[in-house]
Amino acid sequence: MKLRGKTVLEYYVGQPTTVHLMLRPRHHAQQAIVEETFHIDPPVAFSEYTDHHGNHCQRLILPTGHITVTSQVEAIVTSHHTPDVPFPQFVLIENLPNEVLHYLLPSRYCQSDLGEIYQLAIDIVEPLINGYEQVEAIRSWINTHISYEYNTTNSSTTALDTVHQRMGVCRDFTHLAIALCRALCMPARMTVGYSDKLKYVDLHAWFEVYLTDGWHTFDAVQAQTEGCRVVLGHGRDAADVAMANQFGNAELRYMQVKTELIDEDL
Amino acid sequence: MKLRGKTVLEYYVGQPTTVHLMLRPRHHAQQAIVEETFHIDPPVAFSEYTDHHGNHCQRLILPTGHITVTSQVEAIVTSHHTPDVPFPQFVLIENLPNEVLHYLLPSRYCQSDLGEIYQLAIDIVEPLINGYEQVEAIRSWINTHISYEYNTTNSSTTALDTVHQRMGVCRDFTHLAIALCRALCMPARMTVGYSDKLKYVDLHAWFEVYLTDGWHTFDAVQAQTEGCRVVLGHGRDAADVAMANQFGNAELRYMQVKTELIDEDL
Amino acid sequence: MKLRGKTVLEYYVGQPTTVHLMLRPRHHAQQAIVEETFHIDPPVAFSEYTDHHGNHCQRLILPTGHITVTSQVEAIVTSHHTPDVPFPQFVLIENLPNEVLHYLLPSRYCQSDLGEIYQLAIDIVEPLINGYEQVEAIRSWINTHISYEYNTTNSSTTALDTVHQRMGVCRDFTHLAIALCRALCMPARMTVGYSDKLKYVDLHAWFEVYLTDGWHTFDAVQAQTEGCRVVLGHGRDAADVAMANQFGNAELRYMQVKTELIDEDL
Amino acid sequence: MKLRGKTVLEYYVGQPTTVHLMLRPRHHAQQAIVEETFHIDPPVAFSEYTDHHGNHCQRLILPTGHITVTSQVEAIVTSHHTPDVPFPQFVLIENLPNEVLHYLLPSRYCQSDLGEIYQLAIDIVEPLINGYEQVEAIRSWINTHISYEYNTTNSSTTALDTVHQRMGVCRDFTHLAIALCRALCMPARMTVGYSDKLKYVDLHAWFEVYLTDGWHTFDAVQAQTEGCRVVLGHGRDAADVAMANQFGNAELRYMQVKTELIDEDL
């Protein structure tokens, strides 16, 4: 399938402001990037680097005035969400590859080390023993018990907060899912990008869990994980994959995200 | 100076338990490792890898029974805590190297994104403008306002908790220092290892801040940062640099840490 | 300046053939990539990865028949070839960063360990002592003493061969320059990409040398290093930065490269 | 098994000389390093780093006079040379992991891109089709057709030279094996370290080939690959894994290597 994703950010900048963006697609195995544009209007030079998760990041200083950043991508993607049959299993800690171990650790918004998170995870998955089914139970529980509501959470909201408040947006759903999976010793990470089957179109966040055969995609916002996805970045949680970190007072006046399936047969 | 550090862990293991250790010294520029032993008694095979911070990690399965892990290091080290004169400055975000940027982000135990942390940081450093002096003010404030007391905190205690409780151990002092520095846009990380000038001998935790000329060492537990240090690991916070992560119920019955300055003239 | 580069490869493929391409721009500090397309006609899925030099590589299997690969990039670039004044110096080995040390080593096509190469380097640079002037003398000597002639060398031609044959193309000029610089203990690497001031338009190869303040660009094919450049990849020599490695008998029937300066003022 | 390896280098240094050493063991999955010493007498500070192959390297400046470097290691190792049954197969290029692809490329001393090397490889392996058997045929051919003779080759000798001269030492045997394997599209690398079953005790070089299930150990110097090994480093060829690179005229007056199997049952 061929998917197009587009993000437009319109800033009003009172004084020059350093920003770090993560608005370009990853170049990796499951998505072939065929077209990619990244325009700043008026034009501003920027530099790029690859972080330790392999995400592509942009560094720039926004000059004063009205600035528009437009990033677009077209990618041929393999559907991520069809599990192999039989369902992938839990991977014993001793068999996990070195490089996924840090996805077992608690992180800023995913306090998997807390007893309350662990207990909730146990309550949700019992008596299931298959890894994939456990994750699916977690995903489904969140989808059912947490209500999707804008403006009820903010950028400091954690998985524990969401356990208590039972509402939030894709970021919060995802943080909770990750915390619950890690509490059960399953490496889990946050993924952000474009997805075509969303009720609320936005830069979306979902999660991936390491089970047999590698990382598997799950989306707690959807009734079932479905649709075509282009990944911009992944990391431990939202701290690692912010679309924009700014160091100053640029005002984001408008943001638009579009996702379009442009060829189903590719 | 030549320093010797030694850690002994004695476990009683009821059933085979996977553990990940970080008990060997880093091999990098400021410490020349001349001797290093790592014995498990009775002998157990283990494998090693280097994590994305460059720390050396050991993976093994503890068999049932009594198990002793002994790790010892001798290193020729350059003293870390003498600042150059004039004092190193704050580095503008746009001039920070790519690889230190993630040390600006909030992490599990260092919630630098919270308003309460930011306000405390501002209150402490005003009206200082030099980066080194600001960090030194933060370090000194913590040393004065937080009391060092065992068994008042646990492995889930965060920087924000410490702001409220005003007590803790080296780990808590360090988390708070890091959170305050990051809130002011100074990259900060946690370092663990051996230090020879401690009232309480233990595997120690201190912090480093990125200012002009690179990473600078600070220790909030000491009245002044002093002594000779051997680094085992560094990372965003304690989640990244745990001495031991275990996945099961091995019981740590005894732990001993020794640090000895064996040659002052080297 | 804003530069556009485009490469078209037309293959006739008798049986499915694995190819590894390096046809996309690097994303790093000195070039801001604003537009990038990579089309295969008829469409073929491909995967991508970043090699240990940070280059972006594409892996795919060419199906049988006529296949066209078109890669295009538009980038805002900073001119690479203006040396700072005073000229950058030789960096003492002990002051070189760890990550550039392997660019001192001999490689497949750059036998900097041979006495004949070393002697030639000495003959060329004496009695100059400034690093930049030495490299410039090497570059100029090659430009003067080696004649640019197509079809006189092949993909196995080495720097030593070029010393003897005194003819070749940009790849050969560059290999010789690198071998001579390394023989004098200056880290040197091969860079491939687009350049707008070439007599012969092609995917171009030039070289970079590590002197004070970092990597500096030199081009032995030009009378003087000039023009605007977009970098696709860099590495030890042509073995590391092949535009295409194929494992089978796909026939490259046509290749076209275009470089265009589309905005001089950006 | 537990193996002890020791290397002593005695230098006479006329004027301060920068050296880069690779004399410490790798810390990875198949060898558990239990003891490790690295002494310079008289004491000299050194710094360390990990290269892009994961090898541990030491950087130092040898002061004038007599200097002795002594490096010793004790490791619990898993035997490397027992192939699984059935024999591991050739891995299709499209199934090779990204990170082993560069071991397919020709390198300074392993000119796998030359027709003469390819033809020899074909002559040796025909009509075998199993990957492991092909590598074993190459290893055995070299062991039979190349005679082990000191002082017949030097640090510039290549695989092609060895095809013609038919003599050399472990380094030359290994380079030829690697070139032949790569010519057949099997990723191959050079490994250096200690081995306990050698006629000629020295820092030894052997080779590894990527077949199903990962890297497999082969030794062209032995009649059959046997014995216990501790790995110091691996890389494309001898350029990547030199025990010592010096930039000046320190004179190596004496070198001693000892390998001892100290516990067969571990």
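Residue numbering begins at 1 within each chain, and the chains themselves are lettered A, B, C and D in the order written.
FYI, a contact is a pair of C-beta atoms (placed from the backbone, for glycine too) under 8 Å apart; a residue touches a chain by one contact, two chains touch by 3 or more.
Computed from a predicted model, the values in this text were never measured in an experiment.
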item: Partner chains that chain C and chain D have in common; value: none
item: Most remote chain, CA-based centroid, reference being chain D; value: A
item: Centroid distance [mean C-alpha coordinates] between chain D and chain A, Å; value: 43
item: Distance from the mean Cα position of chain D to that of chain B, given in whole angstrom; value: 37
item: Per-residue overlap in chain B, given as positions that touch at least 2 other chains; value: 49
item: Chains touching one another, given as label pairs in label order; value: A-B, A-C, B-D, C-D
item: For the chain A and chain B complex, residues of the former touching the latter; value: 18, 20, 49, 51-52, 57, 59, 61, 92-94, 98-99, 101-102, 104-108, 111, 113-114, 155-156, 185, 239-240, 245, 247
item: Partner chain B, residues of chain D touching it in the complex; value: 24, 27-30, 32-39, 43, 45-50, 54, 56, 76, 78, 266
